[in-house]
Structure formats: structure tokens, C-alpha cells
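In the two assemblies presented below, chain A is common to both, partnered first by chain B and then by chain C.
On to the complex of A and B.
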């Protein structure tokens, strides 16, 4: 593991919203900009104590998933050639979740500033909704149709080809 | 990673998560703002047009011009198709390719019906003036009316239109008053004024010149005569089809209609915002090449320079072309040879901003072979992608890299579909 700073931490402890503690290796934690920022700040202060980072918005089962993702991506961080393998892993990783988990994972990736995971989740959601009907979209996102029947018919008629 | 206080009961943890999500595993409870900025821009245009009818908030998100630009950014990052005109069908074809530079089977797409198509004389030619941000500028030419020097052409003989194939929006552009035949032209985006422009030269005798230069602004919907060019050009120099824009400035090397070889070759720079014109001398090192093409790479003006094999009967290209780049836009002496393109003697058709070059050659009888050369690679590996063979020789003029977008500069103009409906 790379350690460049004189006062360098090798591990951090991350606390989930339901008070479970996770010991995370620094390279893995650095996949999250939020955790990386915390580590950098502590290292600047020159502390050698193990730091505790509380994540009040992330439950432990979701944090487990985020850290599983970070761990995999940390393994590949120095290795561009395995791109294809990593893409395959990413796809398999997301495939197994229901919407609720995907929702929480997306919000956690946003909160923890794990950009690549956020992109992955958003692209996955986009890919899985692109062929759906308007009605299905309203169900999945729990959206109330606030158009009048006439307004809705007008929009549809203008773009009838997109509904075929 | 190690879970220090592993949860006593995993079900409890799941219960917490579910509680947060309104006890539903079938809904995504993401904020409207998040959906609009992170999810929707990744969708294809067809889905987006359908999803305008989901709710008022989705409608206003998808129809905003800010959103169109964001969607364009996502779409551009995965751009993998060229658009080419098909002269035989007076249509358009898409030529997709994959990440390994293999060209795929081309797909024909239908040009929307234009009210002028049905009037005699009939269309004989289609030219892709430019492809930019998902918009195509097309030039149609009609039978018998497009004669170059004899002036046997009228303003009805050809016309321009703007088309967004993804969103099915189409708009006809009327020609500047009674002008005849245009040749050599450019279409593109000028970021600093957020406008799309068409730049054309017309053969004319209206203003005491043989050639007039016009710029069309899609934002203003008007043509403007560019008399500033009269002072620097002799009024006898047509535009070429090879014009590129860098930092609001168009660069091209004009060709003379007077066939006077003594005219010195030069390069013109026209700033589309300030309308200032600069003339640049033809560079000495260019004498080593027989043919040059402007293009832009990473925002730098570049020249694709080819040499011919000396042969009395045939003029074939040497198998390698060089790419020169202007390192500093304000310093004309900063041209530098950057890399070589190993195309095996094929002709340059189109290029991407990522150093990929679409080349072609006639193949056997009535066939055209296309290849995508990846100049980011070593010489031997540049042309490893699979070629694509088209069963015709109807390679038209122009084309470009195509991305799907919602961009439509005439926000106040009705879409082609609406116009069709209102005519019924």
C-alpha cells in the first residue's frame, strides 16, 4: 500500500447510521472522496490515531455494499488493462439488487462522493428504464400524473412516433 | 475490510433500510432534481421524448435547453457512428463502429419529407454540409439546375435544411433572395455566442463580384452578406468543402474559379463573432505534400497532409499521411508535425476529435471499402479494425461524427411533426 505522507494512516474506522463499525484500509477508503477528504485532513493535522468517520446517512448493509465496490476498484486502481474484467464485475455487482437497494446505494454513492459508483448506478437505472412506458415510469418513481387528460394527449400526439 | 460488530441479526438491518424507503422494493425514491440531473441525461432521445408526458416537472426538465446540453455531453462521450450521404437514394446512412474500431453494417435513415421534394425537377443530390451536436445541415440539389459555370441554375435548384434525426425535428431554410448556386460551405456551432451558423459562397453578379459570401444564423433565422471578405479575397474565390472552426474562427484555403494557377495559395481565417478576416501565407513545408485537409484535434487547428505516388497514369496516395498541428492559434509559425496516419493509400473521408480517421477506396467494381484508422496506436496496429464494404460507389459529399441529441436551436419553431399535423 502506498504511503506518501510522513504521518500516514493505514486504516480508518467507518461507522454506519445503525452504529456498526467497519475497519477500512486507506486505499479502499480513498475510493470515496468523502472518506479521502477526512483522511487527508487528519494526516495534515499529523495525527497517528485511528480515526472514526461516522456516516449518519448510510445503513450497514448499504455500507457493506459500497465498501465491497471500493475494495474491488482499489484492487484495479493501478491496472488499466483489466478494464474489461472490472466492467463485467460492475455489471454483475449491480444486477442482483432490487430497486430499494439500488436506490439506497445510489444515494450512498452520492453522499460518500464515490463518483464512479454513482455513475455506475445512474447508468444502470437509465438502462433499465429506457424502454419502459410512461405508466411504468410513474410507478417506479412514484410520480403523480399532474397533466390534464387533454394536456397529456397533446404531448403524446405531438410525438406519436416515440410511443411506437 | 472487516465488520467489527457484525450485525446480530441481518434481518434487522434490512428492516431499517426498507423503513427508509417507504417499505417498498419496487420504487425508486430519488428526488426530481437528482433524476433530472443524473439519470435522465443518460437516456436515449426517443425515451426522453416519450417521458415528457410523465409529469409537468419531467416535461420542464426534458424540454429545457440546459438539459439538452447535458444530454449532449453524455451522448458525446459514447459517440460511435458517422453520418454519410447516400447519393443513390438521396438519403443518409449511419456508419457505426465499436471500441475496437471495427466498422459495422451501415443503416439507412429516411430524410423527412420536404415540401420542395415533390416539385419538379427532382432531387439528384444530397450533401451533408455539416454535422454538429446531433444536428445535420443538408443541401439538396435538383436535376438539371445545378450547372456550375453556365449559370443554368436558379434559386429553386438547391436549398438547405436543418434536421435533428433523433428528435424528428426538421426545418427548411429559404435561400437568400434570388441568388444562384452555392458551392463550398460550412455548418457548425459557435460556443461563445451560442449560435449555429451556415457559411456559404454563391455565384452571383448582384454586388459587382462573381462570388458573394453569406452567413446564416439559426438563432436569428436570417442570412447576412459578408462583404468584409470582398476586400481580402478577389471576389473570384469559392469556399471549399474543407472548412474548420477553432475559437470562433473559420479556417480554409479558398479555390479560385478563374483557373488562374498564378493566384497565390493562402489560408483565410474569418472570425464569426467579430467578422474580422486574417490572411495567412501558405506554409513552405506544405510544398512536400500534394493534398491537405483541415481538421481539429483537441481544439487545435490541424492539417492532414498527403503525398502522391509519382505515376504517369494514376495518382495514388502514398500509404502514410502526416498530421501537422498549430500549437498556438495566435502564432502561425507554431505548426508542428505531430503524428502519421497509416491508411495504406486510402482516401480521407471523415475524422473524429480522438485521432480516428475514416478512410475509403473504390473496391473491385462498383464497391467502396471503408476503414477506421486509429492514429493513437503504433503504425502496424492503426488499421486493425474490420473494414466495411458498401455495394455502391455513391459516396457523397460531407458527413461527420453523429451523436443523438435533443438540441434544436429554433425553440420557437414547430417541429416537423407539428407542421405536418397542422397541414392536415
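On to the complex of A and C.
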């Protein structure tokens, strides 16, 4: 955590919603367009102070994960985005989480404008619900069915091809 | 059921600080994004989850309709094909009409049981959006139909995939300024207008040829041309950023359209080169110096070529990729090559080489040349291939003569892996194995794949014999498959 003012150009400090501080390498932070924008703005002003970026919407648990992702992807930043090793890593990375964590991660990626992580999360959630029945999806996500049986039948009828 | 129950339990523990309705805590926009990752059929099926979900699918930015699984409904199922068509038509019409968001990706895969004028209407409807990815495949078309693209369609495209016997009409004024991925399968660039659909068709001289289309794609990175009919003539591949090129005759393409033609290639960024086409008369290759992996398989008609011309044509092509690290040449390539006098270039970067034996070609004709031209070679795969009748009756004839020549440096100092496919244990093959085991000083592994068409009875005795052979690289393992 020892960040001095002289290192402000290579590192930034990010604050989570529960007030934990994270020192982040600039190359890693640049994976998030939100952080990159903040850094660029500060640099334009020519400041030498430590840049502190508060993220009021992201808890430290989730921020740790986003930064883990950014760190990995920063390593491959100059590479092809088709790198197989990275794809494998992405998949293993998301596989570990339950849906609640995935959701928070999706929202954090959206908020921090980390586009590749956002796409990854959305595709992962989509893939995992694709083969589930309506009952299973409702159960896993605790979605309350507020349709009457008649309404439900009408909806199925309206989009018959989707329910084959 | 068991799985979902377990998930429920683990989730309960974490739930305290999270909202109960997990996924619905996401804003509409993000749920729309998730639904955009699903085929539209599945996205629309979520309408039944709850009233909040009823309209969420209208936020998707992707439309992906795939009717191909219903093309061949099982018999005795009661509901006939006609019904399926009707409900698919209805579905696409409804979803297209209801979409509120900006569509950026559109994919339609269907059979020729959907009227083409309808498909054309759908296409026109989605192209009122700024479409970045467009994919159309119409399976089993009985009559070629005309697909007309215009400026509005093309200017935002990043990915374009067309599959089906479509006559593509792109006016000469149109370019593809953003296109990165282009896949044409079964596409024709000429031909009379379709019987079933002939609106918008102008005379073909106002439209781009295949060359014209390629010329209008300055950012193209990936190109697949498979089974296409460009009405013959020379081809020009000059896209400066192209990284992957697959040029494939496919099943439907005419076989003679490269007769007497030249293929020009100036692709300084090409990494992956797959050529599975007819042999052109000549290749003018200015720059393929970034190619890492080249796979070449050709077809040719002996009658069209003088023997030396055949050899020169394939040699032009092989010489063009002399910088590659991995090279795969089919049996037809070696057949063409050995029909005349040839001198190979030095493949200075080549570490992996696969050669398949051609008809009337023996390893004595080619192998030494390739080994001497590949100073960095580490991995060699030899496919024995097609068993000729004379080889069956007199296998002993085919002696491995290279053993009497000076051993190429790559065999002595570089070669680590040898794969021999369709191995039969003939005298010549045994001599070849002895040669490599004796001379490849740092060989790590030799894998022999038995020719499964031969009777396995003799395999065991041969395997024992091979394992007894002297090896200059003691750590080398020999495996049989």
C-alpha cells in the first residue's frame, strides 16, 4: 500500500464502496474505461498527486475479482484477442462463481466500463441458462411467476415457435 | 433437479446482503444484453418467466433465427412441415416488428421452404438498423436466388457470412469500409436473375465481381471463399491486413474456373493460409512472408497441363509460403510437383512438415529434397496414404534409397518428432524407420499409426522387431497407434 506521490503516473488508488483501498498499476487500471478516463483526465491536468478513484457501486469482494481479471488481461494486452490460453483462463475464472457473484460482477463490469468482462459475463450467464427449463430458471433465480395459468398459456401461444 | 437444489442451498448462505430475486436485480439494459447472447428462440422463451420478463427480449441487440433443426421433422410426428413453416414465419415477422432496440447482429438460418421474397423482406427490415454482423444461410436451395446488397447495407458491416446458392449483387459504387470477417459459401457473382425473385436486378455489369468486392474491404482480417462461382478469371488477393485466408473448392463450386488463370497474392499480414482449390495456371506471389501455417491441397486435371507446367504451378505456390513455420502438403501436391523438374526454396522457419504420398510418387522422389530444404525442421509427419495395387503385390520393390545419401543436417541436429500414418511395415517403410532411428540424434518420439485397412495379425511381430532397432537417441520413445 506504500504509494508515494512520485509513483502517481504509474499507479492509482481505487476505493471500494466499503472503503477499502486498492493500489492498481496503470496498465491494469486501463482495462477499465472508467478508470482510464479518470487517469487521462488527471494526467491532462498535470497533477503529480496520487490519483484516488472512489467506486461507490462496487464492494471490495467484487472489485478484487474485477482487478484480477484486468491484471490477467493487461498481461495479454498486446496479444491477439484470439489467444486460446486467455479464453481458457476466462472460462475457468467465471466457472468458480455462483449466480449472485456473477450478477454483481456483471454490474461492476458495466459500471467500470470493462467491455470484454461485461460481454464475457453476459455470454456466460446466457450459456448457463440456455438449456434450462422455465421452471429451473425460475427456481435458480428466485423469479416469482406472477402470471395466471391463462396468461401463461396466451404468451406461449403468441410465440408458439419459441416454445417448441 | 438435483443440481438446481444444491445451487439453491449454497446460494442461501451468500444471500444475506444480496437481493432475493438474483437475476432480476440487473437493469433491463443488462438483461437485454444477456438475452442478446442467446438465440432469439430462447430469448423470447423467457417471456413466460414473469411479467417483468414479458417485454425484456425487445431490448436484445441481436436477432438470431435458426430454423434448420426443424427442416427435417421426423415422420409420424403428426404436425406436418407446413405448420412449422407457418409458425417460424409468424415468429420472425412478429419479433422483427416488435424490436425496440438497435439491432447490430442478425443471423438467419433456414431452409428453402421459406419463400425467398420473405427472406428478402426480413433482410431489408433489419438493414434499416446499423447492422455490424450479418449472417445468412439458406440450406438446400433448389433455385439460386438473387441477394442484392446496397450502400446502406454494407457501410457498417464488420462481419458478413453468406451461405447458400445465392447470386450476390453488390453495385460497383459500394464498398465495405469496416468489414473484418467475410465468409462466402456457395455464392455466385454472376448468373441470370432468379425465377422466383427478380426484383431489383440490374444487369451484371453494374455489379462487383469477387475481385471488386475484395478490393473494397480495406480492413479485412479473415476471408473464407468456399464453393463459390466467380465465373472464372484471375483472382487478386491484396488485402493489407488479412490474417487468415481459406480458399476452398467446396462441393458446389465449378471445378474448371481456374483453368488458364493467375492468382495474385500480396498479403503481408497473412498468418494462416488454407488452399484447397484447383490448381491455377500460375501464382504470382508478391508477399506471403508472415504466413505461419500453410495447408495446401489441390485438384488438377492432367489433361489441362503440360507436365513441367504442372510442376511449376505448384512450385510457385509452395515457394510463395517459404517463410511458414508449419506446412502441410497433400498427396496431389506431391504428385504435381514430381511431374517435372523442381528445386525447392529454403524453408528457413519451417519446424513442422506434413507430407502425404501421392499416386505414383515414392519418398525417394521428394523426401530428401524437403529435408535438405528445411534446416529448422523439428516435427515430420509422413502419410503413406493410398495403397497402390503394385505395392500390395510387390511391396519389397519400394526400397528406401535415401539411406545411401548424405544425411541432411535437420535430421541429425533438429528432428524431434516423427509421425508415420497408414504404416504397413513394408520393407521400404522399415528401412525408413531404421534410417531415422539411426540418424536422428535428438529424436524424442516416433509414432507409428498402423494402416487400419490392413489385417492386424502381423502388427505384433513387427512392433517387437521395431522396438529392438538400434537408436542413436537413447531417450527416444516409439509408440504404435
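Here is the rule we go by: the second predicted complex is superposed on the first by the 142 of 164 C-alpha atoms of A that agree within 3 Å, B and C clash if a C-alpha of one lies under 4 Å from a C-alpha of the other, contacts with A are read in each partner's own complex, and residues count from 1 in each chain.
In the analysis below, a contact is a pair of C-beta atoms (placed from the backbone, for glycine too) under 8 Å apart; a residue touches a chain by one contact, two chains touch by 3 or more.
Bear in mind the structure is a predicted one, so any value in this text is a computation, not a measurement.
Shared-chain residue A:10: touches no atom of chain B or chain C.
Shared-chain residue A:157: touches chain B; no touch with chain C. When both complexes are overlaid on chain A, the residue A:71 reaches chain B alone and has no touch with chain C. Touch criterion met: A:60 reaches chain B, while chain C stays clear of it.
Once the two complexes are overlaid on the shared chain, A:24 sits against chain B while remaining clear of chain C. Between chain B and chain C, B touches the greater number of residues of chain A. In the superposition on chain A, A:136 makes contact with chain C only, not with chain B. Contacts of A:146 after superposition on the shared chain: both chain B and chain C are touched.
With the contact threshold set out at the top, residues 98-101, 103-104, 106-107, 110, 118, 122-123, 125-127, 129-130, 134, 137-147, 152, 155-156, 158-163 of chain A are in contact with chain B in one structure and with chain C in the other.
Considering their complex, residues 13, 17-25, 28, 59-62, 64, 67-68, 71, 98-104, 106-107, 110, 118, 122-123, 125-127, 129-131, 133-134, 137-147, 152, 155-163 of chain A touch chain B.
Interface of chain B with chain A (complex): residues 1-7, 10, 13-14, 16-18, 20-21, 24-30, 34-35, 38-40, 42-44, 46-47, 49-59, 168, 415, 417-418, 421.
Touching chain A in their complex are the following residues of chain C: 1, 4, 7-8, 10-11, 14-15, 18, 20-26, 30, 33-38, 40-42, 44-51, 53-54, 70, 87-88, 90-91, 94.
The part of chain A that touches chain C in the complex is made up of residues 98-101, 103-104, 106-107, 110, 118, 122-123, 125-127, 129-130, 132, 134, 136-147, 152, 155-156, 158-164.
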